[in-house]
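Next up, some structures in structure tokens.
Look for chain A in each of the two complexes below; its partner is chain B in the first and chain C in the second.
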Partner chain A sequence: MRFVFKTGYDQDVRFFKHAGYWQSYGFLFIAAVTAPLYLGNFEISELTQAISFAIAGLGLMLLVGFTGQVSLGHAAFFGIGAYAQAWLLATFDIAFLVAMPIAAVFTGLIGLLLAIPLLRMTGIYLAIGTLALSIVLEQILKSWKSVTGGFDGKAVEPASLLGYQFNPDSWDFYYVALAILILVLALCANLLRSPTGRAMVAVRDSEVSARSMGVNIARTKITAFGISTAITGLGGALFAHKLQYLAPDGFNLIISITFLLMIVVGGLGSLQGAILGALVVILLPQAITIMKDYLPPSIGHQPGLEPGIFGLILVAFILFEPMGIYGRWRKIKLFFDIFPVYRKATFRRQKAYLKTERMR
Partner chain B sequence: MKLKMKALLAGVSGAALIASGAASAQTRGVTDKEVVVGSHTALTGPVAPWGVGATTGTRMAFDEANAKGGVHGRKIRFIVEDHGYQVPKAVQAANKLLNRDNIFAMVGALGTPMNNAVLPRQIKANVPNFVPFTASRQMIEPFHKMKFLAFASYYDQMRAATNYFVKEKGFNKVCAMYQDTDYGREISQAVNDELKALNLKLAGESAHNPREKSFVGAITKLRKAGCQVTMMGTIITDTIGPFLTAKKLGWKTTFVGNIATYDLIVSGFKKGLMNGYYAMTSFEMIYPDTTNPEHKAWADAYQKYAGKPHNGAAQLGYGSGILFLEALKRAGRNLTTDGFIKAMESIKSFEMTLGGPPLTFGPNDHQGSTDAYLAVVENARWKTLTRPLSY
Partner chain C sequence: MELIQVLVAGIAQGCVYGLIALGFVLIYKATEQVNFAQGDIMMLGMFAAFTLIAIAGFPWWLGALIGIAITGLFGFCLDAAVLRRIIGQPQFAVIILTIAVGFIFRSVAGGVWGADPVSFDTPYGGMVITIDENETGRTVLDVAELAIILGTVVLVGALYAFFRFTRIGVAMQASSQNQLAAYYMGIPVKYVISLIWGISAAVSCIAGILLAPKIATFDPDVGFLAITAFAAAVIGGFGSLPGAVLGGLIIGITEQLAQAYLPGEYARSIAPVSGFIIMLVVLLIRPDGLFAQIQRKKV
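Coming up: the complex of A and B.
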């Protein structure tokens, strides 16, 4: 077992608490950077797509996992980011790396505006409100033809920088995505150790206690919603380049639910969970598809096999590990850290004082 | 020392020669024993019956060829990916097919928006788009050597239909009712272009959302315009809906659709309610009780292979499999993508689908046929009325 000897206050807010973190995340970083050396174009392309979902997941994680506000409408913001990116590139002569933050900020502004009425609601009502958002946006995408291309969709101009054209299925664009992901991760981690982030967590755990500590609940929630939607919009902008062709069915309610599923499977309340969840949601269906090629034809050629198996695995996961993949990882880590004395009850939920609030 | 240097140089250049030789001999998706062919289609979702039928038909054709030892000693491995009629999933499926499975050709990819989304990267990867399962004009125009279409496009079909109803039936009040999508607008364009050529004007039109459920307003509008015949740019539910609405309102008129509505669901809807609906088609639907022995044999073989009766999509899918096999045969043992395209271009008067028109391709003509027949629903079954129509 490891004891961290604290010699200063800023040790509490460091990203990496001790050398172990440096080692494991260092290895992960090296593995991610060298991935194109040992993975083919197919795997790299899937990873790029997973990264765009992971960024959107990080946005949603800030809202659901850290502020405690559920959203069934994040596919809408994913879509706004994607279409904004496509529109910016088609309308103005700007580099895609310049257009991306503009698309993200634009999405965030829309999120802020919508948050003002939406976040007056809580719990199930908020879920319904954001659900409506998902449905409304899909209709807008279908009807606003001059900007979105309607049902037919809209081609996205290829990502290019100083005359170099990126191939969205290849290693060069993977590095762009990876860099953006690391940037967003750093931003989120930094936000969570700032007063704003602490206020968000306080609101999640108990609004009454947070208010009594002097946290402005409305402002905190709205800020969280704005930041969350901006990050999701950035993920959408990246996704637009990955896809190269946008159609309204890419941003419907199913995707909203996929996002929520992604962060729950990954592990609510951890940034790592958003990334693990995105890897599962993107890579698992492809893994099932590949496995299908090796099955006997009588089973492998059965239509509807992939969604069926995918659904079963997810149901099993939520039944047997409600804390998600990252929760399971923490349990395994703790098991070895304190080897002979691990207790199951360590991770049991202990917030008995919140009973009245859970009704809302 | 000098000698060593020379030997090294010779070695390096030798290796380079071998490498370049190997590169030219190696075609993607082709090995000594196998040709890998892919398809992205809808096995789930709203158009699953088409996707499942088409891929089962194609697979049946390939399995028959494989049972006889394949083509030029190569068996065909057919990998089908499901996109559920969603663009992002189609792109993901195409990523697997193009980058992992390294397919030689895409056969029968389904859906216009899905094809549009996948085509740029597919063409970049040098993979022919062989007879996609959509008759949109974009599948053949602008011309590209990688794009092949077997039959008349929606545009061709509806121009021919308009021409027929004006010239042979003497109608002069022609209307258009279409989905407000690329697909629907292609049909409206065809009707307008043909009317212009005949010095007529469109009498009335109505555009709707593909998920529209109520058609009373649209039908009332068309009725007020006095339409004698309405050209339909619709698919399944939005074909049945307006047709029955007109019937219910007591309006006697004619509706004409295209191959997208030439389906057993449309003809068989509530056993006869759709009687009198016209559709353009590129092939003739085979029914299980057909008297043609050749058709009967095929229908029985399909039933045995798939464990259920075929639909129109299965007929087309089987046909595109046969056409692909023919092109492979002509391309010879030394199979390359360019060789395959040349072989396709050499096919003349080839009957691909039972009850379909003969297909002829050429160096700058990658559309097999522009012929289309007119069919009508009688006793809840499709009946072909005319010789091939054109404009």
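Coming up: the complex of A and C.
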């Protein structure tokens, strides 16, 4: 067990609480940077895709994991980001690294506008409202032919910078994605230790007590929604380059649910969870493909096996490990930290029996 | 006369939405859980009826009855085995859990019955009533649509009588109003809640069986219909049974009107989402739906 003594006021808000974090995240960073050396092109390409999902997941995590507002419509914002990027590159002559933040900000603005009416709803209303939004936006992507290309889809101009053309399936674009991911992570971590971030967490834990501490609930929620959609849009913009060709059904409800699955499986309420979840979501289809060879053909080759397995994993996590992979990791770490005295009750969740929303 | 045809089609479609929405609202009122797998339960019910009628060769009415009973039992077991474990966790845990359960159902149905569209024979399937005939053409009403409307009226009446006049129905009302007090009064709350899940599943199975002759064929994705039914429940205010049916009717009629009277290009893109547009508008004006029962949360 490690004792950390407080020797300064800023110690509470440091990214890394003690030297151990520097070591472990340093190793992780080195492993990520040197990945192209020991992984093939296919794995790197998958990792790039995982990174764009992780960025979208980080956006959703800010909203669901830290502000406590459920969104079933984030695929729509992912899509807006992707289409905005494609449209910007096709219409104006700007570098893709310049277009990306513009696409993100544009998505965030749309998110802000929609948040003002949406966040008057709470709980299930919000979930269903965002779900409806996602369906309507998908329909817009299909119908607004002049901008989105409709059912025919829209080609994304290849990413190039100062004459150098990036190959989205290769190591050079992987580094671009990794750099953006690290930037977004830093931004999220920074946000969460700022007053805004703390207000978000307070709103999640209890709106009433947050309000009584002087937090402006409506503004906090709307800010969180705006930032969340902007980050998801940025993930979409990156994903657009990875896909190279956009079609409206690439951003449907299933993707929204995949994002939710990502952050639940990874671990709600932790930035690490979004990244772990993205890795799971990307690796799972590969694992299923490998598994298919060992299953009897009647089960292995049925259509819709993949969503079924996704569903099973989600159910298992919700029922048995609601804190996700990262939560399990923290438990394991604590177990070894305080070795002989770990008690199961340390992480037991307090149950709120029928937290009613009705007034009786 | 064409208007009547469109309206009847809209009301029939709306009744189906209303019945599925009724299933949501029953569960929501009792447990404050939102069942995103409702559509997939309906799908399972339709396939149960399909297996009994088209494969095992039961007569239509017997197959439908057994199918409804099986689906009801299934709903009961689903609550007793899975959903009961999650009481006390945050609301979105239920949302995600039921979405996942729906995925599993769809996947299993795809494995068992295949992804190809299937159908079963209904005694009145494909029959029409001619109400107006002249040189320009004739106006016909689909009997399947009339059957949906009649079935909905009967079912809603039966449910009303059940909740109003039977002992267990009143117990259900009591436990949905205040679980703790109901428990003190000696009502077996857990059992009652599972029973409500059973009823809700049976209602959506009835909706599916009524719907089957109207859409002619169905496949495991038919459950996506429930997403529109959500909008119906939300318009009605989620806690209100009449509101759910009314919300369904509003959406069904709007969809058909948009389909019939908007110019071609718009009809195709707007009609499928018109329900959601109405829902968003209703939510903007009244964030808790038309018949709001949910009030601001107290400390």
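As a convention for this text, the second predicted complex is superposed on the first by the 319 of 360 C-alpha atoms of A that agree within 3 Å, B and C clash if a C-alpha of one lies under 4 Å from a C-alpha of the other, contacts with A are read in each partner's own complex, and residues count from 1 in each chain.
Please note the rule applied: a contact is a pair of C-beta atoms (placed from the backbone, for glycine too) under 8 Å apart; a residue touches a chain by one contact, two chains touch by 3 or more.
Nothing here was measured: the structure is a model prediction, and the numbers come from that model.
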Which of the two partners, first being chain B and second being chain C, lies in contact with A:307: first, second, both, or neither?
both
Q) What is the contact status of A:286 with respect to chain B (first) and chain C (second): first, second, both, or neither? A) first
Margin query: Looking at A:142, would you say it contacts chain B, chain C, both, or neither? Reply first, second, both or neither.
Written below: both
Looking at A:257, would you say it contacts chain B, chain C, both, or neither? Reply first, second, both or neither. second
Could you tell me if A:45 is touching chain B, chain C, both of them or neither one (first, second, both, neither)?
first
May I ask you to decide whether A:153 touches chain B, chain C, both, or neither, giving the answer as first, second, both or neither?
first
Worksheet entry | Touching partner for A:27 - first (chain B), second (chain C), both, neither | neither
Margin query: Let me test your reading of the model: by the given contact rule, A:244 touches which partner, first (chain B), second (chain C), both or neither?
Written below: first
Across chain A, the partner (chain B or chain C) reaching more residues is C
The intersection of the chain A residues contacting chain B with those contacting chain C is 142, 303-304, 307
As the complex stands, chain B meets chain A at residues 43-44, 48, 51-52, 59, 79-82, 84-88, 91-93, 95-96, 98-100, 113, 116-117, 120-121, 179-182, 209-210
The answer for chain A against chain B in the complex is residues 40-43, 45-46, 49, 142, 150-153, 155, 169, 242-247, 249-250, 282, 285-286, 289-290, 293, 301, 303-304, 306-307
Residue set of chain C touching chain A in the complex reads 28, 32, 34, 82, 85-93, 95-97, 99-104, 106-108, 110-111, 115, 177-179, 220, 227, 230-231, 234, 238-239, 268-270, 272-273, 276-277, 279-280, 283-284, 287-289, 293-299
Residue set of chain A touching chain C in the complex reads 64, 68, 70, 72, 117, 120-125, 127-129, 131-133, 135-136, 139, 142-143, 207-208, 253, 257, 260-261, 264, 298-299, 302-305, 307-312, 314-315, 318-319, 322, 349, 351-360
